[in-house]
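Both complexes below contain chain A, partnered by chain B and then by chain C.
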Partner chain A sequence: MLVDLTEDQRDCYQEITNVAMGQAADRLARLLNVYVILPIPKVNMISASELHMALAGANTSDDVSAVCQGFIGSGIAGEALLVFNDASFADLAQLMKYKGPLDRHGELELLMDVSSVLIGACLHGIGEQLELHFNQGHPVVLGQHCHVDDLVKSGNHQWSQTLAIEIHYEIENLNINCDLLLLFTEDSVAKINQQVDYLLD
Partner chain B sequence: MALPVLICDDSSFARKQMKRALPDGWDVEVTFAGNGLEGVEAIRQGKGEVVFLDLTMPEMDGYGVLEAIRKEDLPAMVIVVSGDIQPDAQERVKKLGAMAFVKKPIDKTKAAQILTEFGILSDV
Partner chain C sequence: MSKESLEFTEMHWLMDVLQNIDVGLVILDREYKIQLWNGFMENHSGLRPDEVHDKPLFDSFPDIPETWFRQKAEPVFELKTRTFTIWEQRPYLFKFKNYRPITGRAPYMYQNSSIIPLESIDGSVKHICLIVYDVTDVAINREDLTKANNNLTYLSKIDGLTELLNTSFWQEEFTREYKRSFRSKSACSLVLFEIDEFDKLNSQRSHQAGDEVLRTVASALKQTARETDITGRISGEQFAILLVDTDAKAAINFAERLRKQIAGTVVTLDETEFQFTISSGVAEFSSTFDSDKKWLSAANKALVHAQKNGSNKTTVYQNKAS
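Up next is the complex of A and B:
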């Protein structure tokens, strides 16, 4: 059976995410000396088939590179997925004063650096507000220079629906953009909703 | 007379959180606004001598509200309460005339501290 979030729960998730992504953006802004544009995050219960739409909506038909990182703690588990538009790497390399050749290895290094900042700060921020502590697994590269379609195909989805938080980051005046998708496992939804309800009380 | 305080944020959870963070026993008349346009309208009606303002909002964002206050020379002391805490955001709102900048999530300690610092709250 499909359960949906109440309006209050959705609003609360959005606000918590807003604060967490603000902390992550602040880290990135101070690291790179830029201003990160922060839109309102999207929070939805989605089915496995809708994951494709969430990703496709997040990114265009351009080639992408993606990293995923599992997290677990306080009875809640999930995956953070960072999808980078490949067109971003040139500007990113310049910003991060990357001196080596911008080949696959170079791009990978940049991808890992940015994802550790964004994923780490965002999870920490959400955990802090919900009084949860998440441990992060090792980041895994899902693909480089591939299409969003390929990313989704490579996943083996055992779940029917899940809580998805989508965050789009863009750097002002530069051609850098990426999408961070936080997916919680189906079993975690009840527990994390409980934490949210506690805050709403 | 109760002090007119406006809480302007698009999230109802954030508005509640803000209201809960106000000092106990502070004699205020609280008005809520869900976006910048509603916020400016409330300030025009004298409902926001002290304004707690979010930055990221639909219709009109916090920057827009600060610009409108300045343009119309409205009597409002604005405390920006924001999730966007980048150095640039803090600088921009100060330039636009905000009195203070507080990081979200707000709590009672932070609220009391800022209100005391600016002499809005003396003896409660």
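Up next is the complex of A and C:
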């Protein structure tokens, strides 16, 4: 079954994500004491073959590190993927007042700390507006210092088309940028659309 | 059953399940004092709930790095967000000993943990819940896999008999070094050497003798070469060493030192003793080599010259173009 988004639905998703991102950015700002720049999130129905393009488009050819975290609540499930440009870590360590050596392990600590806050806040914000509660699974490190193409194994995806929300975060005056991709399961799309329609009415 | 008593029964069941579930549950207050301690925590720590109740977590478990843990827990209190720790960061939060003598292969239990906010009636977070998962099996399997992969990578690069780089991997490194030499200003030299009369040695003595000779050469080479030098066995009795930051003169010194050391070595096999020699060709990198093959063939020409002029010799390639 192919589900497509109406213009209204797309706008609504963008609005919901905007609010959620704002909340996430606010928490990040409180944690780090910085101003976070937010662009408009991209909301799209993407096919499995486009997943790689979405990822590649999200980041440059630089090496990246990434964390993935599953979420589920009220029959709606998906995964949040946070991709960090490796060049961001030096500034990030400074912001987080991380004292240890900035080796692979130090970067992992930073990655985990920031992803907990960003993913958690964003999901909480979306959930709150749709009157859903998402339970988060345990984060999984997809890779450190790797190419964005190698993060997700291609092919063999058990879905054909699904809802994707892409958010690009930047921090003012600092060389920190990361991308958050929310990908819902195919089965969730109809349900989450229902929730959105309910809001639109 | 009335509605109230059903709710009471359900609550009772739930409590029983939480007490027996194979997951650790700890509730901490704002001062990090332990308020709840379930069966899993009691069983693995050996501490009863009444022994830890209202005691600061860091007093009962000094192994937990306080600053680190606070960094994970403070956002839960302050931002009402969940945070997580995974075994890749720290193998464990609570140092629990391995409790499975047969299938447990790690000294300690590997743990993942979630820290979740518990809201009080006024909406503020005065308590947090720490959920501890045993992920020892996952961690051990992952480490086994990494070890196996590293081993495979090693095997694909190394010549089994001499433990030097094999042909294909040495060639890769050589090509990379050739390209690098074009950009770099420092000298780089290639030494190619062969065991003299190796075929004769193999046929007149034995293949075991041949193998012993190859091993002797490899060990002499490992002693003579620096760690940064790229040493490989590139065919039956032919070896190659890429000496980085080394000009032809220093490379000749190296080759001569190696040649003399080998000529002076006595090989003992089945109570018979014998000696053997090597011949070397040296070629310093020159930008007139328009491919890595040209560089290799220059060293090879020098090697053939050394062999034709009586063996047990070192010859250096003279670049006519320069």
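Here is the rule we use: the second predicted complex is superposed on the first by the 196 of 201 C-alpha atoms of A that agree within 3 Å, B and C clash if a C-alpha of one lies under 4 Å from a C-alpha of the other, contacts with A are read in each partner's own complex, and residues count from 1 in each chain.
Heads up, the rule we're going with is that a contact is a pair of C-beta atoms (placed from the backbone, for glycine too) under 8 Å apart; a residue touches a chain by one contact, two chains touch by 3 or more.
Remember, predicted model here, so these are calculated numbers, not experimental data.
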Study note, to complete from the structure: So, after the overlay on chain A, do chain B and chain C clash or fit? They fit
Exercise for review: Classify the contacts of A:Val141 with the two partner chains as first (chain B alone), second (chain C alone), both, or neither.
Suggested key: second
Exercise for review: Put down the vertex angle at chain A formed with chain B and chain C, C-alpha centres only, nearest 10°.
Suggested key: 150
Check your understanding: Of the partners chain B and chain C, which touch A:Ser47 in the superposed model: first, second, both, neither?
Key -> neither
Review point. If you stack the two complexes on chain A, which partner ends up touching A:Ser74: first (chain B), second (chain C), both, or neither?
Key: neither
Check your understanding: Once the shared chain is lined up, is A:Arg30 touching chain B (first), chain C (second), both, or neither of them?
Key -> both
Check your understanding: For A:Ala121, is the partner it touches chain B (first), chain C (second), both, or none of the two (neither)?
Key -> second
Check your understanding: Once the shared chain is lined up, is A:Asp113 touching chain B (first), chain C (second), both, or neither of them?
Key -> second
Review point. Looking at the overlay, does A:Cys12 come into contact with chain B only (first), chain C only (second), both, or neither?
Key: first
Review point. Rounded to a whole Å, what is the shortest Cα gap between chain B and chain C in the overlaid structures?
Key: 14
Study note, to complete from the structure: So the chain A residues that chain B and chain C both touch are 30
Check your understanding: Where on chain B is chain A touching in the complex?
Key -> 10-14, 17, 56, 58, 82-89, 104-105
Practice item. State the interface residues of chain A toward chain C in the complex, per the touch definition above. Key: 27, 30-31, 69, 105, 108-109, 112-113, 116-117, 120-121, 124, 136, 138-141
Exercise for review: Could you pull out which chain C residues touch chain A in their complex?
Suggested key: 71-72, 75, 78-86, 88-89, 112, 114, 133
Point to revise | Complex contacts: residues of chain A adjacent to chain B | key: 8, 11-12, 14-15, 18-19, 21-23, 25-26, 29-30, 35-36, 38-40, 129, 199-200
